[in-house]
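What follows is a set of structures for review.
Two complexes come next, and they have one chain in common, chain A, joined by chain B in the first and chain C in the second.
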Partner chain A sequence: MSDTPRLVVGPFNRVEGDLEVHLDISEGRVAAARVNAPLYRGFERMLEGRAPGDALTLTPRICGICSISQSAAAARALGAAMGLVPTDQGAMLAALIHAVENVSDHLVHFNLFFMPDFTRPCYAARPWYPRAVARFAAIEGQAARAAIAARAGLMHILGLVAGKWPHTLALQPGGVTRTPGARDVLRIQTELRMFRKHLETQVFGGPLEDFAALDSRSALMRWDRGDAGLFLEIAADLDLDALGRGAGRYLSFGAYPLAEGHGFAPGLWQAGEVTAPNMAAIAEDLSHSWMLGGMAHPFDGVTRPDETMREGAYSWCKAPRLEGAPVEVGALARQLIDGHPLAVQLAGGGVLARVAGRLLELARTQILMEAWAEALDPGAVFMRQGNLPETGEGAGLVEAARGSLGHWLRIEGGKIASYQIIAPTTWNFSPRDAQGVPGPLEAALVGAPVEPGEDSPVSVQHIVRSFDPCMVCTVH
Partner chain B sequence: MKVLWLQASGCGGCTMSALCAEAPDLIDTLAAAGVEFLWHPALSLASGGEVTRLLQALEAGEIALDCLAVEGAIARGPMGTGRFQMLSGTGRSMLDWVRALAPKAAHVVAVGSCAAYGGVTSAGGNPSDAVGLQYDGAHPGGVLAAGFRGGLGLPVVNVAGCPTHPGWVTETLMLLAKARLTEADLDSLGRPLFYAQHLVHHGCPRNEFYEYKASALQLSDLGCMMEHLGCVGTQAVGDCNIRPWNGEGSCTRGGYPCIACTAPEFEEPRHPFTETPKVAGIPVGLPADMPKAWFMALASLSKAATPERIAKNAVAPRVAVTPTIRKPGGRR
Partner chain C sequence: MSDIETFYDVMRRQGITRRSFMKFCSLTAAALGLGPSFVPQIAEAMETKPRTPVVWVHGLECTCCSESFIRSAHPLAKDVVLSMISLDYDDTLMAAAGHAAEAAFEETIEKYKGNYILAVEGNPPLNEDGMFCITGGKPFVEKLRHAAEGAKAIISWGACASYGCVQAAAPNPTQATPVHKVITDKPIIKVPGCPPIAEVMTGVITYMLTFDRMPELDRQGRPAMFYSQRIHDKCYRRPHFDAGQFVEHWDDENARKGYCLYKMGCKGPTTYNACSTVRWNGGVSFPIQSGHGCIGCSEDGFWDQGSFYDRLTTIKQFGIEATADKIGWTATGLVGAAVAAHAAVSVLKRAQKKNEEA
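Take a look at the complex of A and B:
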């Protein structure tokens, strides 16, 4: 039994930003958790009164890791207000650009953010420990270094067709600013081939199609190749499936909207069923946030920080709810809502399920990117023009690597009257709502073991990082 | 040189960009000049109490701080408390930590335009009252005084950019580690001249369009974006088109304008980012060091002389007319 009834964990690194977790400990386990997103910048306020198109320059700069996701959401929100959608080929190139960021983020998360925790000395006696250290030691691990190189290579695609990464202006409501030629398409395919090679030799130790075809938990746990195999061995040894389990309610806005439909389908998963999410039933609760105002749908929401940081509230993060209840978002949510049989079996799971869902999506997205690159037509029109209305509104709903991202925009007098953003980690790391219902991470942390003497419990670190949080997006 | 890297009020994109360093990668590049991290929030293993103890030891002078690198602006709000960004688990604001640690550092480096000048974090009325380390926009004096000097005598080195190019960050750290960066190697806004002595215009593939003022009318057109689309590459410092980004990229190569992200206050251009402000139909803003009368004269002359190929390509998404081939006459 721990002799520390309360712990405050932070600085919390490898979470793209900072995070403070307050834990009540009882009998060696977390009894309750409160999660504080400790950074407020006020992007929604910065946008008010500006030209609507400025959102394409400013919102990517909310986040250096989900930058293109922010671009995509802004472009879609503006497009909705303009009554403009990208050309078919523009949508496909935009999907490819977005997917490059998302798979890069998955790769960085697995290799640089999540796996290094298994190299901690507390695991020195485990049979897999020497291999974990060789592969994932922070900064020096072989897998980490190979991932950095593979990611830099993959991002040549963004240099080619998006100018640079992060913070491109290439994604526009009508498509993409850079028109690729035949040689660009071949270069894209070459980079994708190199990235597949990395995934198959390092991450999966076998063909992507074989991993993507896994259709059950038992088949997954038999995968013993590559770094995925090492992770699954660790997960089995430490029972990471039981650690940090989710509440089983998941949301996806749908990833990669194309003329023929989404790359990964949208939906709300609860009690084993997928339904169409009611976007009008999204509302942000402010009861435990250092924010002023009432619960509101993001089209009606405001962002007014409570500068007194009142007692009872504990985070700058608002608490978004869908039909009054929290949802978990991320790769696992997308994959099970898309109906992948392995992900469906992992529904409601903990650290293992979230990380396996991400690996599954990494494999499946590579296959999608290859198909899109093959279908790019260098003779096509990649951007359609349109005009901004004097008055209008629009929502841009996309999927970042770490989950559902929404921008809700209102234009009045040709200027931004209101701009509200709900980021993936706003959903996952939300504080309690007025009913006292904790956010998904807060709920998942309950029951996590705390060893005597731990000031930053390693179990808590695994659970937090299994969500692939992006803290700079959370409050924005 | 051991670097403590802190992420303040920013997006983390300068770190994410630095990870795009190639041939060799970020870690090998830095190691070649003896640069290592005491702690980096995205790369290091240490979390929680391990980090707090390190920061306390640095503050107490028990561990030498060769270099403090800060990414992100410093929030001073609300009401001067800095509590819009607390450093988790420490009960202290980032403002407080930076003020405590900077005087211990041999060098202080601002990574990115937010840390240098406030940047995007200070846009739109500056909701969090954020400033740069040693500048508030273009004005000297941020959370550190205008006269602040690191232990080895340099002001804050401003590796401005939004984001920074991987090479700007690695080379600045390498030059500092090898004691090859002096105050004379910085421009008047504290930016290393090795990249700030160039303009984004240098090497821009749209230069021929610029020469004839053959202008793009909309994003996705190939022409020069100065006249209509807000491009300030002729005024903005940076070697973006000399050594490209992510292989072959740059903003202007990607089909969108340079917004001078290396400059203080770029976040508030006072016009939409992708529109050129004009007075009586004439664009405001001149190329660096160009007398207005000359620019006007040359522009009207060159515009009148624009070859058809350039005029047509300027308003097309891909090359519509290829250069005329002159066949050499030497052989039959």
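Take a look at the complex of A and C:
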């Protein structure tokens, strides 16, 4: 390996948090990749010994972008320990609050984090380049500005029913602290209508229902309207489907748990089939992490950093595995596990599949949110009281914008005895495990083209960003 | 320095009309609590003064401050954020990546040496020689020291940079340390909160850019215009507190009626911030309005004061707001704040003067 050229790519900007990727290059392609999350804060250790309810305040602060997902997971974990589930309307309002954050994340990822890479000078000769620059040039592009304004409007909903965002406090194990009044419901519906207008005029250039009804890859590639159309034109030109292909094993914990079932169904997708995931078969491997201890299920896991940063390990990130193998998580995983025909056709795909999965989910979630807002009943009970046990345990499994997020909590003597978190990017950007099997991003990077003289290969940028990484969540 | 544009140039270049610009000036004056007579002053400053460059760096944090900032409902917020301030370097929002980004960083701090405002989000962890937060292959604390050298002033955004925030919570595994304990030779303004309110952030930065000095600070180094009153002082549920009407359980009738959340652990009575007046997400609400008590996220050490749901036991109740002692303290506080503010202005002025001479 000593004569293999090595490349260290990072820090990545327009990525939430810090990230470094080490690449071995052979014959103009990535031969092997090692992903390092260089930021560690130790949230799990801070939680130990505290009152269990404090997890509702501390864990959202792991991440300012997906703080509601952390709230939702903490609330569910505490609820599981208390034997408490939210009231029906509480669950629906919690789902709406969570969905607002998730669609905001998708919108920002597309406009501010992912698309600006196509305005790099290396693409100047492409026919779509001037349009990409006009729409997506960082800081100055029209699309980014419109998206920020639309998102700020949508987030008025979070203000109304959740008090503030980021770091909302309203989600509790028994529901939501806020009972929305009739006026709030009206305002929520108005904001949703305005957001739909943004999606239909800017992002999709047509009715959301039409995009959500796309049922095949060829139908998708014919969509030529809005920024989605521009992306698909670029994707076809650069063959983004072939770039950074996934291993085809996907996980979803199920998004938006409601009384009548999940908004998007849970499941494990492998070899073209969906099965119920065995949550007891989740384990975190530490062989290549600067962490001490052995492989363990998160109920039994510990987070003890190896301050010697031992040889052989290369990341602060643990390597979570389901039934011994890595899984890819995110919008594409959710949509294909939910059985959407377009997503099913995109299974195993690369950059195109991940970004298209996100756009599909953006359209479908807006439709869900409108239905929930319609069904809100101001006279209903939105919160149920419960009592924390002296001893107990509970898992909170939710779907953040970027994929499956789990909190595993153990309570002893009325205090938190252990708290373990596996975030979406922990799954996607995990290092190798003891068998040497690379994590999903590491695997997806293999084969990415590296042009001579490129010290920050644009193909690597596209692949990394197609996962929409959230590094602050990865190692918390 | 004559090649630096004015704010007005930048705004015009972004296609902002004169009318919108004037509206921005008057709304800014109002937001900062200044009278209409300040409007022409703000307009003139923006038309004639060279744009003050802002360098925005991120340490150990969650980016919630940036997230709050770009959602500001402040007039022309998206333009304020994306053009007027023209963040010359920002880890999260900028276009460049990797080595190009590091080069842009070096170029920016060299070009505007002594003249830029350094905005810090997050804080440096000092344990293990800073290895828990590495950017560009170096500990963040080195980048911070390096960037601070040429800054004329520093803004500590949020509870992380100001006080440490939750990542400094016991046992503080990474020894996360607030900015003012690492950088001791620069004027620092603290804008605490987790995150701070967007309008407070844009208000503070607009004030500094417009008047080229720090706003009046309190004893803790916070801008007095936003942090001089407690949440409790202007809370819309205050009448229920005074009347002794409290929420006892999350699901009780009192919760639905919107009674006071003091017994649910609300920290409003001891928290200085503008939440109950400016409110959040475009002024629509704030945590207490959503039915959850304040957790005091703009106060030093809020993360290690017992459970967030424990009731405060040290406050006076039912109208007994002040004792003779307390009034004395307040007076001292005011004098202290005035001195601190004056000192800060002087340092800024000095730094500037030196720069002009150079």
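Rule of thumb we're sticking to: the second predicted complex is superposed on the first by the 472 of 476 C-alpha atoms of A that agree within 3 Å, B and C clash if a C-alpha of one lies under 4 Å from a C-alpha of the other, contacts with A are read in each partner's own complex, and residues count from 1 in each chain.
Definition applied: a residue touches a chain if its C-beta (ideal position, glycine included) is under 8 Å from a C-beta of that chain, and two chains touch if they have at least 3 such contacts.
None of the values given here were measured: they were computed from a predicted structure.
A.B. asks: With everything superposed onto chain A, say whether chain B and chain C fit together or clash.
C.D. replies: Clash: chain B and chain C overlap once superposed on chain A.
A.B. asks: By the touch definition at the top of the document, which applies to A:His156: first (chain B), second (chain C), both, or neither?
C.D. replies: It touches chain B and chain C both.
A.B. asks: Just checking: does A:Arg193 make contact with chain B only, chain C only, both, or neither of them? Give me first, second, both or neither.
C.D. replies: After superposing on A, A:Arg193 lies clear of both chain B and chain C.
A.B. asks: Let me test your reading of the model: by the given contact rule, A:Leu169 touches which partner, first (chain B), second (chain C), both or neither?
C.D. replies: Touch partners of A:Leu169: chain B and chain C.
A.B. asks: First (chain B), second (chain C), both or neither: which does A:Leu19 touch?
C.D. replies: In the superposed model, A:Leu19 contacts chain B only, not chain C.
A.B. asks: Just chain B (first), just chain C (second), both, or neither: which does A:Asp455 touch?
C.D. replies: Touch partners of A:Asp455: chain B and chain C.
A.B. asks: Between chain B and chain C, whom does A:Arg50 touch in the aligned arrangement: first, second, both, or neither?
C.D. replies: Both partners, chain B and chain C.
A.B. asks: Check the residue A:Gly181 against both partner chains and state whether it touches chain B (first), chain C (second), both, or neither.
C.D. replies: So A:Gly181 only meets chain B here.
A.B. asks: Starting from the residues of chain A touching chain B, keep only those that also touch chain C in the other complex, and list them.
C.D. replies: 8-14, 16-18, 20, 38-42, 45-46, 50-51, 53-54, 56-58, 61-65, 67, 112, 116, 119, 137-140, 145, 148-149, 151-153, 155-156, 158-170, 172, 176-179, 305, 307, 309, 316, 381, 383, 385, 455-456, 461, 472.
A.B. asks: Across the complex, what residues on chain B touch chain A?
C.D. replies: 7, 9-17, 19-22, 25-27, 37, 39, 41-52, 75, 77-79, 83-90, 120-121, 123-125, 127-128, 130, 162-163, 218-220, 244-257, 259, 261, 267, 272-275, 317-318
A.B. asks: Please name which positions on chain A make contact with chain C in the complex.
C.D. replies: Listed in rising order, the residues of chain A that touch chain C are 8-18, 20, 38-43, 45-46, 50-51, 53-54, 56-58, 61-65, 67, 112, 116, 119, 137-140, 144-145, 148-149, 151-153, 155-156, 158-170, 172, 174, 176-179, 305, 307, 309, 316, 381, 383-385, 455-456, 461, 472.
A.B. asks: Which residues of chain C touch chain A once you look at their complex with the stated criterion?
C.D. replies: So the residues of chain C in touch with chain A come to 14, 60-68, 70-73, 77-79, 81-83, 87, 91-102, 125, 128, 131-137, 165-167, 169-174, 176, 194-195, 249-252, 255-256, 275, 279-293, 295, 297, 303, 306-310.
A.B. asks: Residues of chain A touching chain B in their complex?
C.D. replies: Counting only chain A, the residues touching chain B are 8-14, 16-20, 36, 38-42, 45-51, 53-54, 56-58, 61-65, 67, 108, 112-113, 116-117, 119-120, 137-140, 145, 148-149, 151-153, 155-156, 158-170, 172, 175-179, 181, 305, 307, 309, 316, 381-383, 385, 455-456, 461, 472.
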